[in-house]
Amino acid sequence: MLLFLRSKDLVPAARERLTNLGVDFQLVSEEPIFEIRAHLSIYSPPVLATKLADLGRVETGKSRTPLLDAMPSGHEVVVEVRGRTEPIRFRNQPRQAVWIAGPCSLDESNNLEENAARLAKLGVQVLRGGAVKPRTSPHEFQGVGRAGYSQLARAAHAHGMACISETLSEDDVPEAAEFLDIIQVGARNMQNFALLRKLGRCAKPVMLKRGPGATLLEWASAAEYILNEGNRRIILCERGVRGLETELRYTLDLAGAAFMQHRYSLPMVIDPSHATGVKQILEACTAGALAMGFAGVMLETHPRPAEARSDALQALTPEEFSAIAGRHLHS
Amino acid sequence: MLLFLRSKDLVPAARERLTNLGVDFQLVSEEPIFEIRAHLSIYSPPVLATKLADLGRVETGKSRTPLLDAMPSGHEVVVEVRGRTEPIRFRNQPRQAVWIAGPCSLDESNNLEENAARLAKLGVQVLRGGAVKPRTSPHEFQGVGRAGYSQLARAAHAHGMACISETLSEDDVPEAAEFLDIIQVGARNMQNFALLRKLGRCAKPVMLKRGPGATLLEWASAAEYILNEGNRRIILCERGVRGLETELRYTLDLAGAAFMQHRYSLPMVIDPSHATGVKQILEACTAGALAMGFAGVMLETHPRPAEARSDALQALTPEEFSAIAGRHLHS
Amino acid sequence: MLLFLRSKDLVPAARERLTNLGVDFQLVSEEPIFEIRAHLSIYSPPVLATKLADLGRVETGKSRTPLLDAMPSGHEVVVEVRGRTEPIRFRNQPRQAVWIAGPCSLDESNNLEENAARLAKLGVQVLRGGAVKPRTSPHEFQGVGRAGYSQLARAAHAHGMACISETLSEDDVPEAAEFLDIIQVGARNMQNFALLRKLGRCAKPVMLKRGPGATLLEWASAAEYILNEGNRRIILCERGVRGLETELRYTLDLAGAAFMQHRYSLPMVIDPSHATGVKQILEACTAGALAMGFAGVMLETHPRPAEARSDALQALTPEEFSAIAGRHLHS
Amino acid sequence: MLLFLRSKDLVPAARERLTNLGVDFQLVSEEPIFEIRAHLSIYSPPVLATKLADLGRVETGKSRTPLLDAMPSGHEVVVEVRGRTEPIRFRNQPRQAVWIAGPCSLDESNNLEENAARLAKLGVQVLRGGAVKPRTSPHEFQGVGRAGYSQLARAAHAHGMACISETLSEDDVPEAAEFLDIIQVGARNMQNFALLRKLGRCAKPVMLKRGPGATLLEWASAAEYILNEGNRRIILCERGVRGLETELRYTLDLAGAAFMQHRYSLPMVIDPSHATGVKQILEACTAGALAMGFAGVMLETHPRPAEARSDALQALTPEEFSAIAGRHLHS
């Protein structure tokens, strides 16, 4: 992005304005022209241009995410749920964040009905549970299959909760759209563009998890694929990126999520369970996420973690989850 | 993995054996028992057990990649090509590495026929070219579509070359399998398990690129998905991982590829074009890859890079590619 | 770490116990023996051994950080300040977190006295300011030199605040120890072992920043160097690690800091200014850090950021900082 | 960097020139002006300006590494060795690369004299060995101390080899400069600016290892610190960066080293031993490094690795090293 100052006398004022906006720049020419780092700044190109317009002409270049840039701030994703009077609202800086909880995978070790009853009573608004599971190895449990979608929906709706589950391929979408209230795109499929396009043509809210190797711009661009097909009901979910540390499963990028929340208007949910894999710090991460103003949090819970067929170590027992919810989920 | 020594007297011998094998261990008990770091060592569990069997009993635990572990060393992927007498053979430590070259995407800026003629003459065995393109943004050129598969095949076969192109979704597979000699799974789809399973049930060779956020174990496990469906004709391709450096597009992990080549028997191809994005160092990376004994190299070439609709900066001009091929491709 | 169960009947109980502790394990032998991932778990080896003692014999192996492991939980670093009645207390889960603020570097663009007065009035307990500056390039401003230590101390003490500044080499330590209340080891010197040893033999509190390429174990081991020389007054400071994202300066690893806070008893301070470099998200990161129970936060402030000789973009103006302090610093 | 074209008619020509140079650009204005990504391109600002001068006026902005940019290409670091007729020459694209070998640390398990004799006979030109050791934990072996410098020198010089060892602090420099032929700055001290400055004022060749969390620009800037004090005898050494993969100690960034070799004229040495920690792939990495035209390679060897007090797993036995040297070190 280039700022062609109206006059040389404005150099000090421009320097001060750009610094105070927190925008990286260099004065590259004696014209004078300021060159502004334009990759993905904290402001969209049109917003930044407006903030600088009085100083001279601004050449913004093309935005990488024009559809996201055009969305109004305070965008809200409203989820209507069968059998629930009030819809569930996902938006950043919420009066009350949305809590999503449930087991990693739907399997015989879960009593979904009992689970749902307990979580609903604690104030959880969305029941999660994997039906088709993306597992690193083909020799690991692959989930109960799409039949799980309707079971999950039944359990959730019976208690006035919405339900969310993941799709792994375009073929999963029709059945998912029939039963689920929110369709999840998992981290491994963040750039499965065929799937994103299909979900963009579907009427359901989509929760797009960040890929563990994805930059913020790649993540925003994946959302842009869904928007480009017409679906504006997009929720982002930060679940950790690959980093240098190996004690935790991934590096939970709360600051990156805050950047996204400031730059774009899509609601952001934080998933500390998958990000860290360490149950002892889930409460701290949840408290942090709530204080940072994110739209929601997602936590894994299991009645008996030792029997879970996936991600047992990070699953909170009912008692552990109740304690956290009691301290942080004020319904 | 645990090694229960037959006798305490064997501690020094075991220590020496394990060190010389380059295996990380601790003597954790006075029994005596050695605990061996068993995540994904340079030896498969059965091989390591054999090498230690005279010292005592070995408990290997379950292998994460049992099908890969069971493949014989020196595995070769043979690609038969219409109109070519000799098949193309991918194997590590080759007498002669396979060269794959061609444009990033098939588009109107390419004269495929002319391109193919020139590359074939230089000794290139495989023609590459993207028909359906996975692009970060939906506003970028998305490729000419599956119709490109047959065009690519025609151009390649007319000059005795094999052809390779990418599939983005299960729906691409039938047409890809009809026309292509090798089907590529791109980095973004490395863990698109639905696609992997479908390719595992197909009779064609599959080149599986490493995801930019994927560990070596995740990459091997993705290959295990294809193997698990019965397709053993798998070629791996290292194309860079996300790292801390931003001058190059990705960090080309040649040492990681060497680890995989030593640990598993799948042929490995190196793609320095996508990994680095810097044409000035492609010759050095190619020379390095050849010296390291990889099965092949893949390079992007374009008749007029400035007109290419994707990845122009890393595309070698015909003159640049000829110079590199002249120095390193001895046919 | 190995757990030799007293009896085979205890296998299910052990499995449940280990899962509920969130400890990664495999049953590797029919003896039965459980192998527990022992690199740096959320529990120290002696603590974990105690929690499993009723199930059988535990072989923990050697701890990597025995001195840290031996420190009692709730360790507090008390900083006595000349001219201040109450000492400043750094401890995790504080009633009130310590706020550290001030300019990146002491230079002629700062009016230290005015700055100190304003920060003290807002409730900031510690004044920061770099005297000797570690700069990526030798052509950048290198700081005013050690003379800055006494200037900083004068300004801080006049307003009942403590002061903190960085040492770059052993030669800086005597003068730093004379004037400063807390001595900072910067990220680039986290493994400058000669400096760590010298600070370990000094009577002053030390704030040890995490190196941008350092694992949690390396960070803890650096603290162990200071402890090993006898200095127990160690405060850790998370300031971001190198990650795959480039929009922010570094990746702020709040979850990693929470892990350290749970595993060790050293107080933890969070520095979102250096970690992110993006002033628009500093309030969110500060709010998150406070909610997570860290001992303190550190923020960069400058009266006129455009005139700062280093890190101008992330420096909060007095008005911006007052607004954040007003909402989050309850004195 | 901005290119102000002389005329609009030159837009296509400029586009082609910039693309063929492999330089990232956007046409940002209708003036017409091209904005060129100027962070650290494969060309230095003055070189790039020269290559574009016929198209119009170029505003390069300030170089981050002006001293390195001003060094002539083909820079050679010549090491004169007592008792050796020919000096040892480090330069990229060498007729014959320099081999550096020896144990990780000098300790009682090594017979230095015997070691030196064997390595010299194989054609190794430089003997390495750590006297003062930077170890992650204070409870690990810290080296024999500076007395090791003279022992190492005696053993090396007796066989016509040069010697290299590491300094950890400014206090090590006088004794190191007295005895060593090349002084090493270890990865952990790459940004220990006090040490860099002291070495910059010393007459000895310095080998600067890349920090595991350092970008290429930070590495070059660290070399700039040494240059800035007047010492031009700088050798760079790539030894791996922190990455997402954990099977290998670090990620060996051969492509990054090739970028540095192309961009700057400092000789580059590759150290696959520390980078990978996996002895089975050291030969492949060495062969790759030699083929890529680097100035030298550095490998760890030990007469009896099981007795080594540091880095035993990656140390090559005399037999293993002889085999590699026999195939790749042609003296």
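By written order: A, B, C and D. Residues from 1 in each chain.
Just so we're on the same page, contacts are C-beta pairs under 8 Å (C-beta built on N, C-alpha and C of every residue); 3 or more make two chains touch, one makes a residue touch a chain.
Keep in mind it's a predicted model, so treat the numbers as computed, not measured.
Of all chains, the one whose Cα centroid sits at the greatest distance from that of subunit D is A.
C-beta contact counts were set side by side for B-D and C-D; B-D has more. Residue-number overlap of contact pairs with A-B passes half for only one option from C-D, A-C or B-C: C-D. Distance between chain centres (mean CA atoms), subunit B to subunit D: 29 Å.
If you average the CA atoms of subunit A and of subunit D, the two centres end up 42 Å from each other. Rounded to whole angstrom, the centroid-to-centroid distance between subunit C and subunit D, based on C-alpha atoms, equals 32 Å. The residues of subunit D that reach two or more other chains are 213-215, 217, 241-244, 246, listed in rising order.
The residues of subunit A lying in touch with subunit C in their complex are 12, 15-16, 19-20, 22-24, 39-42, 213-217, 240-248, 251-256, 258-259, 261-262, 272, 275-276, 278-281, 284-285, 287-293, 304-306, 312-314, 317.
In the complex of the two chains, the subunit B residues touching subunit A come out as 64-66, 134-139, 168-171, 188-189, 191-195, 211-215, 217-218, 221, 224-225, 228, 241-242. Taken in their complex, subunit A has these residues touching subunit D: 1-2, 4, 26, 28-29, 33, 35, 59, 61, 213, 242-244, 246.
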